[in-house]
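Shared between the two complexes below is subunit A, which has subunit B as its partner in the first and subunit C in the second.
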Partner chain A sequence: MIPTLGHAAVVVGLAATLFAAAAFWLGARRNDPGLVLLGRRAMYAAFGLALVASAAMVVSLLTHDFSVRYVARNNATTTPPFYSFISLWAALEGSILFWTLLATGWAALVLHRYRERAPALMPWAGVTLALGAAFFFAVMAWPGDPFVRTEPVGAEGNGPNALLQNHPFMGLHPPLLYLGYSGLAVPFAFGMAALVTRRTDEAWLGMVRRWTLVPWTFLSAGIVAGAWWSYEVLGWGGYWAWDPVENAALLPWLTATAFIHSSMVAERRGTLRVWTHALVIATFVLTLVGTFLTRSGVVESVHSFTQSAIGPWFAGAIIVALAGSLALLVWRIPELGDTRPPGRPVSREAAFLFNNVLFLGVTFVVLFGTVYPMIREAASGERVSLGAPWFTQVNAPIFVALLFLMGVGPALPWGGASWRTVRDRFALPLLAGALLAVAGWLLGVRAAAPLVALAMAGFVVTVMGEEVVRGSLVRGRARGERPPVAAWRLATRNRRRYGGYLVHAGIAVMAVAVAVSGSLASDVTVTLRSGESVQLGAYTVTHQRVVSERLASDPRVLETRAELALAGPQSGALAPALRDYPNSPSPIATPAVRTAAGEDLYVTLLATDPASGEVTLHVFVNPLVAWIWIGGAVVVLGAAFAAWPERRRVPVPAPAAEPVPATATIAAARPEQ
Partner chain B sequence: MSRLLLPVAAVAALAAVALVGVALLSAPAPRTDAERTERLAAQLRCPDCQALSVAESRTRAAGAIRGEIAGLVAVGRSDEQIRSHFVDRYGEWILLAPPDPVAWWLPALVVLAAIAAFGAWLLRGRAATTRAPGATHAPATAAAGAPDAEARRVREELEALDG
Partner chain C sequence: MTLARPVQAPVPPRRRWGLLLGVAAVIGVIAWLAFSGIGNALVYYQTPSELLARGGEAIGRQVRLGGLVKVGSVSGPATDLTFVVTDGTTEITVHSTSAPTSTFREGVGAVVEGRLTSEGVFEASRVIVKHDENYVVPTEGQVPSHLPDGG
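Showing the complex of A and B:
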């Protein structure tokens, strides 16, 4: 009954989205607000239907309705309710359903918010969003039907993928990532609307930047949460392996980041329209490419889902989206074109655009590295692979240049800088960066990557710090505010800028943490009898006993854990474990991680010998890893700060010599940013 | 202050660059057999996992390869000989960073070409229009002319409007 309801919701959802697309289209062509209203309501209905279908799936999972094939394959009677619930996105069909829910949710939210503020763009954005949602409903109606039944109905299901039910982070990482991925359809829809209606103006740009920043924030959080999940669950001591699907999540993040930067130049100068559109299109298409890579089985990955029937559908969607949007863009180029550089070679504009060149450079490298093995195998039959060492070596110089630009951009004024300005603004930050690197050397760091990262971080943070201090003092003096009050007001009146600084500070912290943990980690693999210990760094790990028992939360799972005593800078008990899941051919490692500000102690249990009570352990000391997560949190916080709606409209200078009067009119004409 | 700061910053920056250079040149010389084994293992793909090296993975196959590397290191084979030993057995696929010229040169050339094109575009624009219409050069000119404090205020006021 309930699965039938879910299936019906999918079919009606497909009809509703197709109807919405038609209504928006006709409404826009005939300038008929009634039709547009109808389209909008159909999209609200589509969201409601996606909600019904998702709820039907969740209920089927929670009640272990094994007549549904998806439930039989991904659930068991003993699966805890939390993991039953999150199994909504644990496998192929469910994740498409979940995606549809989020995509229609974003669409409904945006269409509602902009129903009056952007009456010209909204119907065409609605056509795009409705067609996108229709595609997902169609995938669920045909190749990826989540509600397919099985006969006969078994008494027990297969249970969720063992890796995915091993850590509560699975409740966090995929939703964040999907929120980011699915939300990037919104800027694309507005991009298409602007091209159709020839309204690539300031208001459009502000809207698109806001609706890129919001999903960007979720995508960033999702990527960091995924790295954290990998670190806490997979037991190899690392967090990023340049796995094809990790790359797939990174690609749209890179182009969206490039867009967020170039849009500031575009807004200020009123140029770069073609480029802006191209980045919006690239970002959206790369989310589809990422889904295609994950869901079609064309790449080997820790994330790949087994089935590949939907591969051709996504390949088709990529081709349609790319060809359609590029054709529209090329058609409009004569009207959009202004290809002059927007600033002098030494200016903030140039720094931001150089950032774009480098971000697209990384995008190319990552995309190339992900697909080159496939291309070469198809062409010559030889199997090659490009792994982490390749990605690290090729990207490292670009990352260093990007870090440097992160300091250069904010230090240079818009328009162009005199030598004197450059000197004034760079001297102290350069000194700070250099001193940090020298300090690192004196503290015994002899690897190049951490020294470079320290220098760059010192440079970047000092540039921003200097500006915040200077700005607060100027404001404090001018308005008689105390410096902390002035700093807070300065930041809240310029959310985008100071939120951006916070993001940059978070990235600087992450860069140092990544470089240090990558270069200065140490590890040892040992086999210990009961009572024996191993030393690594300042830590001593002593093996006490092996315990095997069934998990209270899921008695089908047999956990074998090594109970260890830890002494050193951190102490206490550790219990890395191996968990045997009935549906997993090999046991799943559950590492024990002790996190501290300076370094993590990380222990994975590799094997136990029941006869002798011996355990084989992989022990790591990973310096500064906690700062990757802290830096990630700062990035997300900064982005949220920047994206937070402003009550007061901030005047934005027009590209004119007298900013104040011009801005007043634009701010008045501008929709909420 | 800035008159003193600049040379100090320049010297410190040079020192930092020199230290990084020293670190780059002197770092990767593994001394012990264990270090060599570890480094070689980090270059080989674990045959039965996804996207992990033999050094990172703890599967049986990875363990066997690590043992084999240690054996080859112990009998005095060179890094190159050891790598080609595994390439002969598994194909080039086993190398995480294969010596495939396309894989290294194509991305490097594309990125460098993009940077060059960008640079040419910026300079061409400078030659064609030293001033884009509507460009606000106020910060730069003010900074050059007016006294420091006032220049900064002007700059601040302007940038406070940037958003």
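Showing the complex of A and C:
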């Protein structure tokens, strides 16, 4: 009954989205607000139907309705309710359903918010969003039907993928990623609408940037959360492996980041306009490419999603979206000429231009590295792989250049800078960067990567610190505010800029943490008898005993753990374990991680010998890993601060005594402007 | 933002060339970074049959050997492990001093990275186990799974 309801909701949802697309289209062509309203209501209905279908799936999972194939494959009677619930997005068909829910949710939200504010763009954005949602409903109606039944109905299901039910974090990281992924359809829809209606002025850019920043925030959070999951759950001691699934999430993030920067140039300077449109298109298409690569089986990945017939559907969608949007863009190029000449080589827009070239460079490298093995095999039949070291080696210099530009961009004025400005602005930050690197050297750091990262981080943070301090002082003097008050008001009245600074600060922290943990980590693999110890760095790990027992929360799971005593800068008990799930042929590692600000002690149990009580352990000391998560949190916080809705501007005539805004004062103080 | 938009003298068009040259240089450097090291970075996947078919050429070359860990062949402690990898027709003895991940056991699909020595033993620098229940035994001519570090 309930699965039938879910399936019906999918079919009606497909009809509703197709109807919405037609209504928006006709409404826009005939300039008929009644039809547009009808289209909007159909999209609200589509969201409701996606909600009904998702609820039907969740109920089927919670009630262990094994007549549904998806439930039989991904659930068991003993699965705890929490893991039953999150199984909605744990496998292919469910995650398509979840994606549809989020995509229709974003569409309904945006169409509602802009129903009056952007009456010309909204219907065309509606056409694009409705067609996108229709595609997902169609995927669920045909090749990826989540409600397919099985006969005969078994008494017990297969249970969730053991790896995915081993950590509650699985409840957080995929929704964040999907919120980001699905939300990137919104800027694409507005970009298309702007091209169709020829409203390619600066107004659409503000809207599109806000609606890129929102999914960007979720995507960033999802990527960091995914790295954290990989680190805490997979037990290999690292957090990023350049796996195709990770790359798939990174690719649209890279182009969306490039867009957020280039749109500022397009808005302020009237240049890079075609390029900015192209980035919006590329970002959306890359979300489809990522799904195609990881869900169709063309690229094999550690995440090994079940292969299915959705591959050709996504390939078709990529071709249609790319061809359609590029054709529209090329058609409109004559109207997208630069309204101003480009800036000088030493100017903020030049820094942004190079930022974009570098981001696109990383995008190319990552995409190339992900698909190259596939192309090579198709071409010559040779099976090759391009390992993580290649990705790191090629991307590291590009990331260093990007870090450098992160400091350069905000410090340079638009248009061009004189030598004097450059010297004034960069003297202190360069000194700070050099001092930090020297401090690192004196502390005994000899590897190049951490020293370079320290120098860059010092440079970037000082540039932005100077900007904030100077801006607050100017504002404080002009308005008689105390510096903290002035700083807060300055930031909240310029959310985009100061939120951006916070994001940059977070990235700088992450860069140092990644460079340090990547090059200064140490590890050892040992086999210990009971009572024996191993030393790594300042830590001593002593093996006490092996315990094998069933988990209290899920008695089907047999946990074998090594009880260890830890002594050193951190001390206490550690219990890395291997968990045997009935539906997994091999045990799932459950590493024990002791996190501190300075370094993590990370122990994975590799093997146990029940007869002798011997255990084989892989012990890692990973410095500064905690700062990757802290930096990531700062990035997300900064992005949320920037995307936070500004107070509506009430058009009140400005009083005559209105002081000059602080930033204007700064700008006026720059002699070359 | 209320940042003042100062009036600016028109920039002569030749300024474009400086920027374009800079962009071209950056693209060139990225392309060089990507392609210069690719020959050394590529790791070839082979099944035991394919590897041995190469004869003497196979010795000393870095490859990923994909196959099944033969049941009954594993001996020694985790840090001095010997086992046999098979693709159903050909077998190669593998020796590894770095412990495999926890999921390693007899009968599982594995990818071992390392070099074939002249004694015919494969010295593995890394043993990676496919930890997926849908993993299919690689048959000859089939792609062993791509795996990242220790994945």
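By definition in this document, the second predicted complex is superposed on the first by the 644 of 673 C-alpha atoms of A that agree within 3 Å, B and C clash if a C-alpha of one lies under 4 Å from a C-alpha of the other, contacts with A are read in each partner's own complex, and residues count from 1 in each chain.
Definition applied: a residue touches a chain if its C-beta (ideal position, glycine included) is under 8 Å from a C-beta of that chain, and two chains touch if they have at least 3 such contacts.
Fair warning: this is a prediction, and the values are worked out from it, not measured in the lab.
Participant: Check subunit A with both subunit B and subunit C modelled on it and let me know: fit or clash.
Facilitator: Once subunit A is superposed (C-alpha atoms), there is a clash between subunit B and subunit C.
Participant: Let me test your reading of the model: by the given contact rule, A:527 touches which partner, first (subunit B), second (subunit C), both or neither?
Facilitator: Touch status of A:527: second partner only.
Participant: Look at A:85 in the shared chain and tell me whether it touches subunit B only, subunit C only, both, or neither; answer first, second, both or neither.
Facilitator: neither
Participant: Who does A:241 touch here: subunit B (first), subunit C (second), both, or neither?
Facilitator: A:241: touches subunit B and subunit C.
Participant: Touching A:169, do we find subunit B (first), subunit C (second), both, or neither?
Facilitator: It touches nothing on subunit B or subunit C.
Participant: Just checking: does A:161 make contact with subunit B only, subunit C only, both, or neither of them? Give me first, second, both or neither.
Facilitator: second
Participant: Thinking of the overlay built on chain A, is A:434 touched by subunit B (first), by subunit C (second), by both, or by neither?
Facilitator: first
Participant: Now for A:418: first (subunit B), second (subunit C), both, or neither, which partner does it touch?
Facilitator: first
Participant: When the two structures are overlaid on chain A, which partner does A:578 contact: first (subunit B), second (subunit C), both, or neither?
Facilitator: A:578 contacts subunit C only, not subunit B.
Participant: Now for A:587: first (subunit B), second (subunit C), both, or neither, which partner does it touch?
Facilitator: second
Participant: Once the two complexes are aligned on chain A, which partner has more residues of subunit A within touching range, subunit B or subunit C?
Facilitator: The partner with more contacted residues on subunit A is B.
Participant: Touching subunit B and also subunit C: which subunit A residues?
Facilitator: 235-238, 241-244, 268, 300-302, 341-345, 350, 353-354, 357-358, 361, 364-365, 368, 382-390, 393-394, 398, 415-416, 494, 496-497, 525, 604, 606, 618, 663
Participant: Write out the stretch or stretches of subunit C touching subunit A in their complex.
Facilitator: Answer in residue numbers: 1-6, 8, 10-11, 13, 15-16, 18-19, 22-23, 26-27, 29-30, 33-34, 37-38, 41-46, 64, 77-79, 98-105, 108, 129-135, 143-151.
Participant: Quick check: in the complex, which residue numbers of subunit A touch subunit B?
Facilitator: Going through subunit A, the ones touching subunit B are 235-238, 241-244, 268-270, 300-302, 340-345, 350, 353-354, 357-358, 360-361, 364-365, 368-369, 372, 376, 382-390, 393-394, 398, 413-418, 420-421, 423-424, 426-428, 430-431, 433-435, 437-438, 441, 445-448, 451-452, 455, 470-471, 474-475, 478, 490, 493-494, 496-497, 525, 604, 606, 618, 650-657, 659-660, 663.
Participant: Which subunit A residues qualify as touching subunit C in the complex?
Facilitator: Residues 161-163, 234-238, 241-244, 268, 299-302, 304, 306, 341-345, 350, 353-354, 357-358, 361, 364-365, 368, 373, 377, 382-390, 393-394, 397-398, 401, 415-416, 494, 496-497, 525-527, 578, 583-589, 604-607, 614, 616, 618, 661, 663-664, 667-668, 673 of subunit A touch subunit C in their complex.
Participant: Which residues, counting only subunit B, touch subunit A once they are in their complex?
Facilitator: Within the complex, subunit B contacts subunit A at residues 2, 5-6, 8-10, 12-13, 15-16, 19-20, 23-24, 26-27, 42-43, 45, 50-53, 56-58, 91-98, 100, 102-104, 106-108, 110-111, 114-115, 118-119, 121-126, 128-130, 132, 134-141, 143-144, 148, 152-153, 155-156, 158-163.
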